[in-house]
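The following pair of complexes shares a single chain, chain A, combined with chain B in the former and chain C in the latter.
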Partner chain A sequence: MSFIDRAAAALADPVLKTAVERTAGTAEANRAVAVEAFPDFAAARARAAAIKDHVIANLGEYLERFEANAVAAGARVHWAGTADEACAIVVDICRAAGAKTVARSKSMLGEEIGLPHALAEAGIERIETDLAEHIIQLADEPPSHIVWPAMHKTRDQVSALFRRHHASPHEDESIAAMAESARRHLRERMLGADIGISGANFLVADTGAVCTVTNEGNAELSLVPPRVHIVTAGIEKLVPSMGHAVHMLRMLARSATGAALTQYTTFYSGPKRADDADGPEEMHIVLVDNGRTAMREEGLAEMLRCIRCGACMNHCVVFRQIGGHAYGGTYPGPMGAVLTPALSGLAANRDLPQACTLNGKCQEVCPVAIPLPTLLRGWRERSWREGLEPVTTRWGVRVWACLAKRPRLYRFATSAAILGMRLWGGGGWSRSLPLAGGWTRHRDMPAPEAASFMAQYARGRRR
Partner chain B sequence: MNAREAILGRLRGGADPATLDVEATRLLDRPERPVVDVADLVGGFLAQLAQARLGATFERIGAMADLPGAAQRYLAAQGLASALYLPPDPNLAALDWSGLAISHDCAPDQPAALAIARVGVAETGSLVLETAPQAPMLPNFLCLHHIVLLRAEAIVPHLEDAVLSGSQPRAHYWITGVSGTTDIEGQYVRGAHGPRFLHVVLVG
Partner chain C sequence: MTPASSPRVALFVTCLVDLIRPRIGFAALRALEAAGCEVVAPEGQTCCGQPALNSGDRDSAVALAKSTIAALEGHDHVVVPSGSCAATIREHYPELLADDPDWRERAVGLAERTWEVLAYLDEVRGWRPDTVCAATAVYHDSCSGLRELGIKTQPRRLLAGVDGLALVPLAGEETCCGFGGTFCVKYPAISNAIVEEKADAIEASGAELLLAGDLGCLMNMAGKLHRRGSKVRAFHAVELLAGMGDGSAIGEEG
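Presenting the complex of A and B:
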């Protein structure tokens, strides 16, 4: 299915629209309150962008520092150039540990590299511990949002899934009872897992620590008891020091949920020490490139600032209409429309950068000030240069360019088109237009003004 | 060429280490952050803790010796049995816990567990805990009711002040309120995986 087909299906689904609107709308309102209460959020945002730019410009040095400090703390550091390499490293660690089950705590990078699939292929049972990830694992669906992966599911759908899969499901249909059912179902499983796998929200270069944030406490429950803890992290997750991590955490929580800080913010430095009371015996950190060095070289360095807060999609008029699945990649919304072509190729994803009104809202709310509309425009230009746009578009633009260079002809053509469109639409909205079926299939076209600007201007001057 | 060399090879260039550190430090110059009244850190901390979003409760006691009594009062008020998990901390072992059934093994569905915070943060109402031989981490996430001891003089203004310099514990974790989720229809539910209740006992 193409993006256009998926978007059409999403638009036809009223339940989806309500579900997306509910969660994204609440996030939008909560963020607004938090930002308003923060002293000089604009300056804080500029600082956050500067911190990330500093890291990206000096990424090699910071990665080496992080590696040295993590190794000194007893962790093992692995490097993966591609998604497949990263998955192979994780599967090898699991095999070497004789692992049959892994407890996983939500990580977008894990989704990006296809870790769930790789574990399944290796015959390793995967227990998703984040409530939303648990829901979509039961439903066998991909996440539809980077912070609320199950935002597209209604309580009735969740209830049906839990009744089918939980041994002692909820007794009443309240959401609290369903959450309780998941707590019961997952607890023993995650405590008994052989390996805990997490992502990283930040990697702290000067301590070698891995930072995770959760609201549920599932990361801590699933990373302490297993004998082995594996972290998969994108190489852009570095921050120079704990002080920088603190600044980024303030921005992340406010932008994602409107909280001052996520409920559980944990820094892990290596495995269990000799006399520690608990903790894993081995800690592995897999540093994953998967296209990031190329993004840095090819004009997408600003995208590497992203801290995966989800604000851009919560505020996106397109995302709010179609939800996350229509985007077809791991990452939806504006940031996904920039990332997916970089991760899986422009040719197959050229529709994503087009699905944007360029209203600039995403850039406005991004806590690291990523110029998302500019980056999307960059993809559009590249798609044109590489000849990926369909012939009709190329032909249409050529006709327009030809007219635009000839003012008289242009004025004549626009007047004729206006007349034609008014006659066609009967003075109201047109549900379809000749030669523009691709556009009007999903939109109505308003009837144009009575005359073109140039014609009205000329008349005004005569008066 | 292995992946490490390939990645680092593409990332060459950038500032020399000394310039890098100067730049990094400059980026932390006078950070924007919530204003905290340093003259009333306890008041600031408790105000944050009382926020609906954090959902925590507290009791202030005069001395460590009152801790078992405070724990007992909390458990009774919650309608719980007088039973508590205690970490193997000598400061706790020195107290008189008679009247409470104390366990040193935390069950998967432990009703109540106690922990000691190193620091509290007035900015956010966060409790900073860390792993140590006398401080296992898991019980603090297994229990339904989490009782945390905090010394009033250990409250610092900002998150930056809670950071340890030098050698790090295996894990340090900042707890800001109770476990919660908004994953089903965006509705907030307390106690997703971790504690549903957080009770701070402030000493001094």
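Presenting the complex of A and C:
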């Protein structure tokens, strides 16, 4: 299915619209309150962007520092250039540990590299421990939002899924009863898992620690009891120190949900030490490039600031209409429209950078000030250069530009266009116009005045 | 007279105003003259190149930037009745021509002199209208003007001077109307879903008039409202400021 078809299907689904509107609308309102209450959010945002820019400019150095400190804390660090390499490393660790089940706590990088699929192929059972991830695992669907993977699901749909899959499902339809049903189903499976797999919200270079944030505590519960903890993280997740991590956390939570901090924020530094009461015996950290260094070299360095808060999509007029699945990639919304062409190729995804009004709201709310519209324009330029745009668009823009470069010819063309439009539609509003079906399918078109501004001006009209 | 007391202003009407609604250009001319400017509409002007820029056709965007600079330079200020076209000149020309030694400074020079008309009348000229229009109205903040040029309070300050006009709140007044230039014809179904919500909000406000500072957005919203059979009428804000709010609104023949 093409982007246009997926978008059309989404637009025809009123349940989806309600579900997206409820979650994104709430997030938008709560973020506004949190930002308003924050002393000088603009300065904090500039600092957050500067922290990320500094790390990205000095990535090699911070990666080495992180590796050295993580190893000193007892972790093993693995390097993966591609998604396939990353998955292979994880599967090998699982096999070496003789693991049959893994408990996974939500990670968009895991989705990006196709880890769920790789684990299934290796015959390893995957238990998604985040409530929303659990829901979409039951529904066998990809996430539709980077913070709320099941945002497209309504309460009734979730209830039906739980009744079908849980051994002792909820007795009444309250949210509390449904959450309890999921807890009963997940808890014992989580505790029995051989390995815990997580992503990372931040990698702290000066301690070698990995930071995760959740609102359910599922990361802690799925990472501490198993014998092995595997982290998969994009190399752009680095921050220099704990102080920087805390600054980024303040920006992340407020931008994502409007909360001052997530319910659970944990820093994992190495496996269990001799005198620790619990913790995994092995900790593996898989650092994944998957196109990131190329992005840095190819004009997308600013995109590597992204902390995956989801604010850009929550505030996007297009996302709010079509939801996340229509984008067809791991990452939806404005940030997805920039990332997906980099991750999966522009040719197959040329619609994503085009399907944007360039209204600038995403950039305004981004906690690390990523110039998303500028990056989307960059993809449009590349798409044009590579000849990926439809012939009609290319000719339309070219002919227009050709005329506009020649004012006398242009005056002639505008007079002809005005004459044509008025002959076709008369004065006032038109319900249809040749070559303007995209417009008049949904709205009326005002007829032009009898002569252009420049023609009237040339004849001496001044008021 | 010094340029500051009576600046020589080049009015760049924009291709859409030139083609569809010259009245907005003449309203801008009137308001600028009332604000003490000496105004001309230079002959060589056509389109700022924004459709090419946003379509990714950088070569055409560069060519149109050059022809627009050549047409408009040589005046104290360039004034534009559109936030997005003014932003193209102010924000994008210097970037488009940054690597061209012959044009870089001309681009920066023009960018520094270019103003969106409402910001110019309010901030630069400190002008207040002396016109009447008895109606209730909502003001929609067009995205480029709002986010690229910081146009928010200027139109409201100016409109407060129109006698009889009552601005009422519009829910989501800073939310994009779904126009997006070529976006609205490339993705008509998505654009329609967005403008339907905008039309809901406008109708719910109870206002008689819809005002904004960009004809593209106005045509999108007014065209949707008319298709729905709404009675709300639409004007560019400068039409009211120039005392032209009593004539035909967008789409009305007259």
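Just so we're on the same page, the second predicted complex is superposed on the first by the 409 of 463 C-alpha atoms of A that agree within 3 Å, B and C clash if a C-alpha of one lies under 4 Å from a C-alpha of the other, contacts with A are read in each partner's own complex, and residues count from 1 in each chain.
What we mean here is this: a residue touches a chain if its C-beta (ideal position, glycine included) is under 8 Å from a C-beta of that chain, and two chains touch if they have at least 3 such contacts.
The structure displayed is predicted, hence computed values, not measured ones.
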Request  = Could you look at A:T26 and tell me whether it touches chain B, chain C, both or neither (first, second, both, neither)?
outcome  = first
Request  = For A:V368, decide between first (touching chain B), second (touching chain C), both and neither.
outcome  = neither
Inquiry  = Per the contact definition in the header, classify A:P39: touching chain B only (first), chain C only (second), both, or neither.
reply    = first
Message = Is A:R47 touching anything from chain B or chain C once the two structures are fitted on A? First, second, both or neither.
response = first
Key: Most chain A residues touched (candidates chain B, chain C)   = B
Inquiry  = For A:A57, using the defined touch cut-off, is the partner it touches chain B, chain C, both, or neither? Pick first, second, both or neither.
reply    = first
Request  = Classify the contacts of A:R380 with the two partner chains as first (chain B alone), second (chain C alone), both, or neither.
outcome  = second
Task = Examine A:A447 and indicate which partner it touches, taking first as chain B and second as chain C; both and neither are also allowed.
result = second
Query = For chain A, which residues are in contact with chain C within the complex?
reply = 4, 7-8, 11, 317-318, 321-322, 354-361, 363-364, 377, 379-385, 389, 393-394, 397-398, 400-401, 403-405, 407, 410, 414, 417-418, 427-429, 431, 436-439, 441-449, 451-454, 456-458, 461-463
Residues of chain A touching chain B in the complex = 19, 22-23, 26, 37-41, 43-44, 47, 50-51, 54, 57-61, 63-64, 73, 79-81, 85, 129-132, 135, 148-151, 153-155, 158, 175-176, 178-180, 182-183, 186-188, 191, 207-209, 215-218, 220-221, 224-225, 235, 240-244, 246-247, 249-250, 257, 259-273, 275-279, 287, 289, 293, 296-297
Ask   = Can you list the chain B residues touching chain A in their complex?
value = 2-4, 6-8, 10-15, 17, 20, 23-24, 27-28, 31-35, 48, 53, 87-88, 108-109, 123-124, 126, 131-138, 140-142, 158-160, 163, 168-187, 189, 191-195
Ask   = So in the complex, which bits of chain C are touching chain A?
value = 13, 15, 17-23, 25-26, 29-30, 41, 43-47, 49, 51-58, 60, 63-64, 67, 71, 143-144, 146-148, 174-176, 178-195, 219-220, 222-224, 226-227, 250-253
